[in-house]
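So that you can tell them apart, the chains are marked A, B, C and D in the order they are listed, and the count of residues begins at 1 in each.
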Amino acid sequence: MSILVDKNTRLLVQGITGNEGLFHTTQMVAYGTNVVGGITPGKGGEWVLEKIPVFDSVKAAKENTDANATIIFVPARFAPDAMFEAADAGIPLIICITEGVAIPDMMRVRNYLDQKNVRLIGPNCPGLLTPGEAKVGIIPGNIAIAGNVGVVSRSGTLTYEVLYAMKNLGMGASTCVGIGGDPVNGTNFVDVLQMFEDDPNTEKVIMIGEIGGNEEEKAAEFIRTKMTKPVASFIAGQTAPPGKRMGHAGAIIEGGSGTAADKIKALEAAGVKVAKHPEEIPTLLK
Amino acid sequence: MKLHEYQSKNIFSKYGIPIPKGRVAATAQEAKQIAEELGGRIVIKSQVLVGGRGKAGGVKLANNPAEAQQLAEQILALEIKGLPVRKVLVDEASAIDQEIYFAITNDRAAKKPVMIASAAGGIDIEEVAAKEPEKIIKIHIDPLLGLREYQARDVAVGIDLPREYWKDFTKIAMALWNVYKETDATLAEINPLVITKEKKLIALDGKMMIDDNALFRQPELAEMRDTDEEVPAEIEARKYGLSYIKLDGNIGCMVNGAGLAMTSMDVIKLFGGEPANFLDVGGGADAKKVAAAMRIILTDKNVEAVLFNIFGGITRCDEVAKGILVAMDEVKPKVPMVVRLVGTNAEEGRKLLENANMITAETLADAAKKAVEAAKKGK
Amino acid sequence: MSILVDKNTRLLVQGITGNEGLFHTTQMVAYGTNVVGGITPGKGGEWVLEKIPVFDSVKAAKENTDANATIIFVPARFAPDAMFEAADAGIPLIICITEGVAIPDMMRVRNYLDQKNVRLIGPNCPGLLTPGEAKVGIIPGNIAIAGNVGVVSRSGTLTYEVLYAMKNLGMGASTCVGIGGDPVNGTNFVDVLQMFEDDPNTEKVIMIGEIGGNEEEKAAEFIRTKMTKPVASFIAGQTAPPGKRMGHAGAIIEGGSGTAADKIKALEAAGVKVAKHPEEIPTLLK
Amino acid sequence: MKLHEYQSKNIFSKYGIPIPKGRVAATAQEAKQIAEELGGRIVIKSQVLVGGRGKAGGVKLANNPAEAQQLAEQILALEIKGLPVRKVLVDEASAIDQEIYFAITNDRAAKKPVMIASAAGGIDIEEVAAKEPEKIIKIHIDPLLGLREYQARDVAVGIDLPREYWKDFTKIAMALWNVYKETDATLAEINPLVITKEKKLIALDGKMMIDDNALFRQPELAEMRDTDEEVPAEIEARKYGLSYIKLDGNIGCMVNGAGLAMTSMDVIKLFGGEPANFLDVGGGADAKKVAAAMRIILTDKNVEAVLFNIFGGITRCDEVAKGILVAMDEVKPKVPMVVRLVGTNAEEGRKLLENANMITAETLADAAKKAVEAAKKGK
């Protein structure tokens, strides 16, 4: 068992013939992910890796492959349209890897997708990995082993650090979910924590946060009130300089929250063990 | 990207928001000319992309053109929070009855734009927000539908704006929404929006930030970037799509991913070092980007050791290694380099670096420790 | 019993201090409708008819009166905003009398309201009348008596003709619903027919249609397949000249449908008796 | 409100849709000049607000300026479906490879804008739609979100557009959406959108309709209205907010409400008469409007009797009665008048008309019968 993706995932790749799309499709297929089709407008009818059909639109791909998930590798300026297209085609799970999507676009995407009952992971995220079943994203497959620890993270490569440290300790992951670090995105910590709480194969959870926003604080509240499974955490950015200030408005909206110290305090108050460096996290769950 | 006050107010004006008469000047002589054109009392305002100009003596009132020239001269000689003042805005002075705070920004938690307003505008607005939050009105805007007039009126009601100003305020609010939306702003702030003694609403000060990720479709705004206000290394970094922030420590870092970059800094600190910078080479970093990153790090004279921490995903370790080789060949660095490559094509990357004179590490903790040690030895 | 409005309706009037708003508020109150408040921005704190409080916003009015319906009398260019405001304030039933609302605005309003589970009647409609209980609109109260015939109509004054003819025959209405004649509006024939079908106090239904669009054809299909209660109808516009053609696009979208003859044919095929002139309709249900 | 082809295409061009080079001319001499400027083969197209120009001889091809002048002269002398040709568009001729139909309009049933396209564009598009509906692509647009690029591509795929044109087509579609949205159009149609022999997409013909109810915020478009193309009585009616359409019968009608107005016409016909017009005085008709309506009805020489059918709701019968009295005083009509007032303030209305020389009726059927009889007697 796992969450979000597994052996039954039938994946589309939007931007499959691009550099990154093709590289990571190759990696995903090598891992055993069931990539059923790809989309590159203007290249419909071609084939990728000799067995994956390319379509001109997500709609055509969905009709021909009965896909139930899609991963997006298109450039930032086209990514919003790709997300709209996937949602309109009725794909229930969208993973957007692309980084650099404009915030105004993401606000529109998120508000539109919320009406459609579509789950979005990302953008600017490493995607999903259910070790041994499906790799839907760019997390290197060989750095994680299957197990019973759910991992959720706002960061990309920092997540790899943690998975790698887990593996070195012989600790496996049920599913690793990279939700991405953008200010406006799809799935958040609380959504994933709820899924891990409900997943019988997940026994413990690692949550990797960073400075900015207040998603970690909300997660702490959720853990304190709703979660029965143990959670360990790490918050990146203790030494980071304060980010660009959004005028007075930023201070008014975000209030005093958002620092690493605040987040660590909230998490520890919720009974979460917080590590000093990423390689320490798995040891806290031993 | 931050815009200057004068740039923001020019945009406001184009969208129909009333602003004071005035123009920007680069010399005291120009300031005098503008003051002569305007007549009456004049405000001279330093144009720098940091807050706290007033407290730093960067905003002054002049009674006549001669005084305007003299004050402009003083202000143009200032340096505010490390930034030399290169331009001043010369505005006609307004007689103020009330100062209102009004802004539109994005609320990341709500995933929506939000209007923020307060009857207690001016420089102490953050203090108001902290101590008397009930004096701050926040109304969210549906990003698909846009601002509706009734919401603008709700703001006017919420800040107890006298009824005679509702119509004008609603127009200003709708205009500010159009500014925010059409410029892909992350912030469009009027502080203060004043009621003058002549019973007019005027945007006395303005601040805008544009989403860097939307500049591809805002060519006119992109050209407004004032590179004079930025650290040269940061400009150079942006050219290559790198995210670089200079810090005060001695250990340079080049990392892929913002989270891992921050973590690497945290771990350097944890083991007794001080990071010299934040540098995220981003996803899919190629050799060219990596070489540029190394050059930028090494221009910082404080750097006594460099830590490369690359965990391959989109980024391929072999590409990074190629970049490091290119850069080393070009820059011929004299400081010790600690490199750690894990993940996609890490093996190939390590092979490429085999003959380069570099310290290698397995874990991040190990790499950080080695970098801190190397920096100490170098002294 | 009745549909949509009755003695328990707590009504707000948007634009209450305007000419039409004030006139019809007076009429509604005289009829016995429970008008609990009105809205005119800038006139909050005033009173209308000495007992109805005026508010600056629908939100304030809702909070102070616990209203469950609102009627809109504001000029066409402000009507869309008035509908958005009412929907956002959580009013579940909006009746918009205003005529001349632009189609692009109404498409946005309708698509937004559909997300909010808000029922809109109109715009460009005469509103609702449940004889003896509530008059929410501009239908003259004295032309209808209470009874068991549900009336639904796209037209305004034509509806009055029919109610008046009913009264002259001693036939009463359960509720009369004027849905309005605009191309893009809120509630349609099928919605109201379903409500009448479900209303125990409605035994028969009169449906008054006109040329244009295909709502009557859809209603005929609904009557044929879903309705057990008898329906009589009249379709206005048999002698009308063809309307302004919307280029070729209009013909392509609307196809051949929309003429009075088409609609009458569809209704008769569904077992509906179709009158030759409006005063004949009630006799068909005797 | 309909726009002329040249007006529509100018708007298209402003939004970045390629159109042929050309200009509008009011005289044959002007047409010649334009043809000289353009060089090469020329199309002369009558600018009238009705369809079927081609079949009526209103579109001609000229090989040189002299021929252009001669053909313009012929076309400017034409009358098409009752409308005299007052202007011609002089365009450079295009060598056509394929004609595509492409439009955005509103789909009332779906409550959404819709794109319609077909590879079989040109003058027979309606026949294609009727006989081979599978050749027509329809894609709805979310009015809150707007057209998305992938939908434009879906259209290109749907009409089997060769791939080399997808990018240009997508640009044209996005531009046409902006035209439709920003002009409050109810129709923005390109027919044909052609692929030229030079492998370019060009909007050869354009048609736009603007929502009359949105003209209050489209002052520039409102000024484009070509009143030369309208029946003077209809222009006069619009001035007073009346909805009037002249017909060929002998019984004038003035009714409040479009549905009741149509019904009144139907009932006149049912009892053996022929309606002379459709006239809806609208809701809340006041005395001034009613007087104007009566004047307009009576300018039609065919009118032999007038039927007033007013059922008061928003409209108050006493106001209508006042208007009738004012108008009778002014126009002094010689034809019999049948009046029926029911509903709001009907009693007061009837009292006001007591001393006027009018036939009264209780029911609509009764009123229609009396009007038909009165018209017969009058002969």
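Observations on the model:
The rule is short, and it goes like this: a contact is a pair of C-beta atoms (placed from the backbone, for glycine too) under 8 Å apart; a residue touches a chain by one contact, two chains touch by 3 or more.
Note that the coordinates shown come from a computational prediction; the quantities given were computed from them, not determined experimentally.
By count of C-beta pairs in contact, C-D exceeds the other of the chain pairs C-D and A-D. Ranked by separation of Cα centres from chain A, the top chain is D. Chain C and chain D have Cα centroids lying 27 Å from one another. One finds 54 Å separating the Cα centroids of chain B and chain C. Contact of a single residue of chain B with at least two other chains is seen at positions 142, 144-145.
Residues of chain C found to touch two or more other chains are 108, 112.
Of all residues in chain B, those touching chain D in their complex are 144-145.
Contact residues on chain C toward chain D in their complex (touch as defined above): 19-20, 24, 27, 76-77, 97, 99-108, 110-112, 126, 138-140, 143, 153-161, 164-165, 181, 183-184, 208, 210-211, 213-215, 234, 236-241, 244-253, 255-256, 276-279. Contact residues on chain D toward chain C in their complex (touch as defined above): 2, 51, 101, 103-109, 111-114, 116, 125-126, 129-130, 136, 138, 142-144, 181, 184, 186-187, 189, 191, 207, 209, 211, 213-214, 216-217, 245, 247, 255-260, 262-263, 265-270, 275, 278, 282-284, 311-315, 342-344, 363-365. If you check the complex, the residues on chain A that touch chain D are 41-42, 44, 56-60, 78, 81-82, 84-85, 88, 108, 112. Interface residues of chain D, counted against chain A in their complex, comprise 142, 145, 148-150, 153-154, 157, 163, 166.
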